[in-house]
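Chain IDs A, B, C and D follow the sequence of writing; residue 1 opens each chain.
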Amino acid sequence: MNPIQYVMSILEADTQADRVVPPTGHTVRLTLFSAAAMAFLAVFAMALSMATGRLAVRWGDELARSSTIRISAPAAQEAAQTEAALRVLSTTPGIKSARALTPEEEQALLEPWFGNGVLLSALPVPQLIEVIEEGDGYDVNGLRLRLQAEVPGATLDDHSQWRKPLIRAAYSLRRLGTLSLLLIGGTMAAIITLAATAALAANGQVIRVLRLVGATDSYIASAFVRRFTLRALIGGVIGTVIGMGAVFLLPGAQAEGGFLTGLGFQGWQWLWPLIIPPMGAVVAFFATRGAAMRTLRGLR
Amino acid sequence: MIELDNMAYSYGGGELLSGVSLQLQPGAFHFLTGPSGSGKTTFLRLCYGDLTATAGAVRLFGNDVRDLSRDDLAIMRRRIGVVHQDCQFLDHLPLYENIALPLTVSEQGGVEEAHLRELIQWVGLAKRARALPPELSGGERQRAALARAIIMSPDVILADEPTGNVDWEMSQRLLTLLIELNRLGKTVLIATHDLALIRAAKSQVQARVLRIANRKLQFAGADL
Amino acid sequence: MNPIQYVMSILEADTQADRVVPPTGHTVRLTLFSAAAMAFLAVFAMALSMATGRLAVRWGDELARSSTIRISAPAAQEAAQTEAALRVLSTTPGIKSARALTPEEEQALLEPWFGNGVLLSALPVPQLIEVIEEGDGYDVNGLRLRLQAEVPGATLDDHSQWRKPLIRAAYSLRRLGTLSLLLIGGTMAAIITLAATAALAANGQVIRVLRLVGATDSYIASAFVRRFTLRALIGGVIGTVIGMGAVFLLPGAQAEGGFLTGLGFQGWQWLWPLIIPPMGAVVAFFATRGAAMRTLRGLR
Amino acid sequence: MIELDNMAYSYGGGELLSGVSLQLQPGAFHFLTGPSGSGKTTFLRLCYGDLTATAGAVRLFGNDVRDLSRDDLAIMRRRIGVVHQDCQFLDHLPLYENIALPLTVSEQGGVEEAHLRELIQWVGLAKRARALPPELSGGERQRAALARAIIMSPDVILADEPTGNVDWEMSQRLLTLLIELNRLGKTVLIATHDLALIRAAKSQVQARVLRIANRKLQFAGADL
């Protein structure tokens, strides 16, 4: 049996055993639609969450993790002090690498200020050391004290002054993405629950008749549960597919490699939205079961 | 089959029925009468476990209703065919599927096509078998309800006003059907206002007439 | 009549004239809840939209709108060339202001590179001119050509190289906010519509009875419309209040004045979410009216 | 009041009624009989504009039903009291509010408390006035439906099987009520299977009996 046949067999099973549940009607359509709408929003929330997550990781990596040490010393001592600073850095925990910038690199950095016609050697340019952190980073104050003691001409500039807001922004964006994912997921579950409950309440007459002709609770409940779970699943698939299509077609979704690559999924992230329909179905399953059992408990 | 032992019932206000004792034996044929609102429907609902007595005991096939689990009760109901006063159907299924519904939900395998067709023929619904319940006339619905009640060949048949909306000839026909089932050993209890029906039955079968009056169940005399 | 009395009178009017519509039940609760849930999400979408809007405006204003001109000339000519450059700039359309930086400002800018112990006057530091744009900005190439002709030592650095991605990011965030507002608004309307329709379908019996005892279409429709519109309004108010409360309590919602002030409203922006409940009510009004009329058309 | 002119009706299949002509004059008292499924309910629905004839014309108070706007029809219905075979109520409103419903929806101002109470008393529902419709017995619902049909003092009363679920004494009581209204000049048309009821009425009022047979409407002879 190939997968398509398998899916078709589930859909057909529905038309056989569950004929006792009204096949269409507003309540079923409501379940279908709310599952679809919520799946659609959830895909977007997920895309937002992933995009902000990516952004946070990138900013975190590229900006937060580097700092600079400036050695301002008489020309004769500069090389020695640079050496000393590098030695201190190599024994500081939390530092991945440290390296003195070459004159060319320093010139490139200063170009905006002096233009490219200036000979660096003519300027008292301090030697710069680029420090890359690792793990949780290093202890800024500790390092500053050690440098003060061992390398008098060194000044540590950990970039945090002007970069911290960027990092904060990135993490606040990421929190925002996660928050909307949670909010929309929660609302999705609540709406599907309520739609299934309302749909079931509208079918009180059906439940009463079935009970009167001798159907057991589990027979009645499972007939409803199958139908509504299937509807939620189908709705979820429809919503997810439309949502993924929309995300794919969004301008800027294609990786531009810019500062913020835009809303979208990348690579294996496209697999994530696929969990939305099954989750909707699970929610519908428990909601319908609960509602059916509650309705049944009121009957003898 | 069904035993009531000094049973009482109240919907919350005053007692509607009290001190009711009755034994429905296999093969018995009973009528139940009483003024409108005296508790006939309530009595029947107690007999198939839809309501639970507030005092005394109701035993179905030897089991106290209070001791039955919900599933036991459902399975027991398949042995009791009920014609409800307000005939309730699944409005989205055609008539013949509604009549076969007790078989469908009992999951005992398919309906015997021939049996179903014969029954539908007998209650005069052959032409309307594919209609949906809302498209039926009042009498047609009542006949369908009777057909649904007996499709499983239950041991007991409880009918609440089964001829309230059908003409005299049809009611005779339905009565004949019930009498025939009774001859096969089924217990029959019919709640009705129709004294003419009771008289007609008495000439064909040994029927007893119960009457609810002043919250009590009495056997009516020969004055009917 | 004070406002509370007025609201109470609306709620009571409902209990008088509209008793013909079942007061509670799953369908009404569904309308109430979906209006609330959607209002809640809409508040968040609005907050996101406003936060990103603010961010875009700030980045746009602070980063995009300034550029720098560097005058590298022999010390004798520096003042004259600076004058000339300022003259050119004052006649360039799209420039709001241009001003030469003071030596102190220049020193502050260069501090990260040289430390604060360096005497600027000892360095061949070029004079910097800060240019603030206005409107659509100026023609970069045109200005560059004019400067080349009139101020040989001037170099224009329009910051766009490294600032453009930031601007792009800001605007892409803002688009994202607007997009989610539209998505959630649309879904909200659709869910309220469907809930109202389903609720009405579940009340088909009520409509039939009313029609049979001689109620006119407009009587029936308006009874339902009043009730469901009111429910959507109440739901919307509840959702909006909870949403606003949640936004208010979000960490970082309080203005930190940072790079991204976090999700939240500022000042008069708090008034914006107040349009959500009436909008939900309007949607419910038309949805219920349409559904009632459709149901009624099926009856004689 | 109600005029049928060579009217025919079909639900889509074959014709159910054809060539039906009838004039219901003010003060007329008619019974309508016919086998179950012959079209009595259908006939009544045609008489109050719930269905539209497929051929011929139906005139209510002089207006052709086809020419009436939906609002006109609604307003005209306030002059026709209908007892439906499946008594439909608003299940969330107590009985007395359901009975007063035609007054509520006509927006003609409040109910006359005393009148309402008297009517409820007459149909024997005084004790159940605050109950919800699902808590009523079959006969109680039927009586409530009759009370609702006449609360507006309509010019015409159409009753579909109004005594199918009530006992003999109560049906006599309801009949007396309808005869009294007829004496006040109301037109009454009762669809029923209950021949005993017809016989009882004939002794009190000049009633004519219509019968639907073979898709035609006939006047029944004196054989009842």
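Throughout what follows, contacts are C-beta pairs under 8 Å (C-beta built on N, C-alpha and C of every residue); 3 or more make two chains touch, one makes a residue touch a chain.
Because the structure is predicted, anything quoted here is derived from the model rather than measured.
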Third chains touching both chain B and chain A: none
Distance-maximising chain from chain B - centres being C-alpha averages: C
Inter-chain centre distance, chain B versus chain D - centres from mean C-alpha coordinates, in Å: 29
Rounded Å distance between chain C and chain D, as computed from the means of their C-alpha atoms: 62
Averaged-CA centre spacing for the pair chain C and chain B, given as whole angstrom: 67
Shared-contact residues (touching 2 or more other chains) in chain D: none
For chain A, residues contacting two or more additional chains: none
Category of the chain touch graph - line, ring, star, complete, other: ring
Contact pairs between chains, per stated definition: A-B, A-C, B-D, C-D
Residues on chain B engaged by chain D in the complex (per definition of touch): 11, 33-37, 40-41, 85-86, 124, 128, 135, 137-140, 143, 160-161, 164-170, 193, 195-196
Of chain C, residues touching chain A in the complex: 25-27, 29-30, 33-34, 37-38, 40-41, 44, 48, 55, 68, 70, 72, 109-110, 112-115, 117-118, 122-126, 128, 155, 157, 165-166, 168-169, 172-173, 175-176, 179-180, 183-184, 187, 190-191, 194-195, 197-199, 201-202, 250, 252, 258-260, 262-263
In the complex with chain D, residue positions of chain C that touch it: 19-20, 22-23, 205-206, 208-219, 296, 300
In the complex with chain C, residue positions of chain D that touch it: 49-52, 70-71, 73-75, 77-78, 82, 84, 88-93, 97, 101-102, 104-107, 148, 152
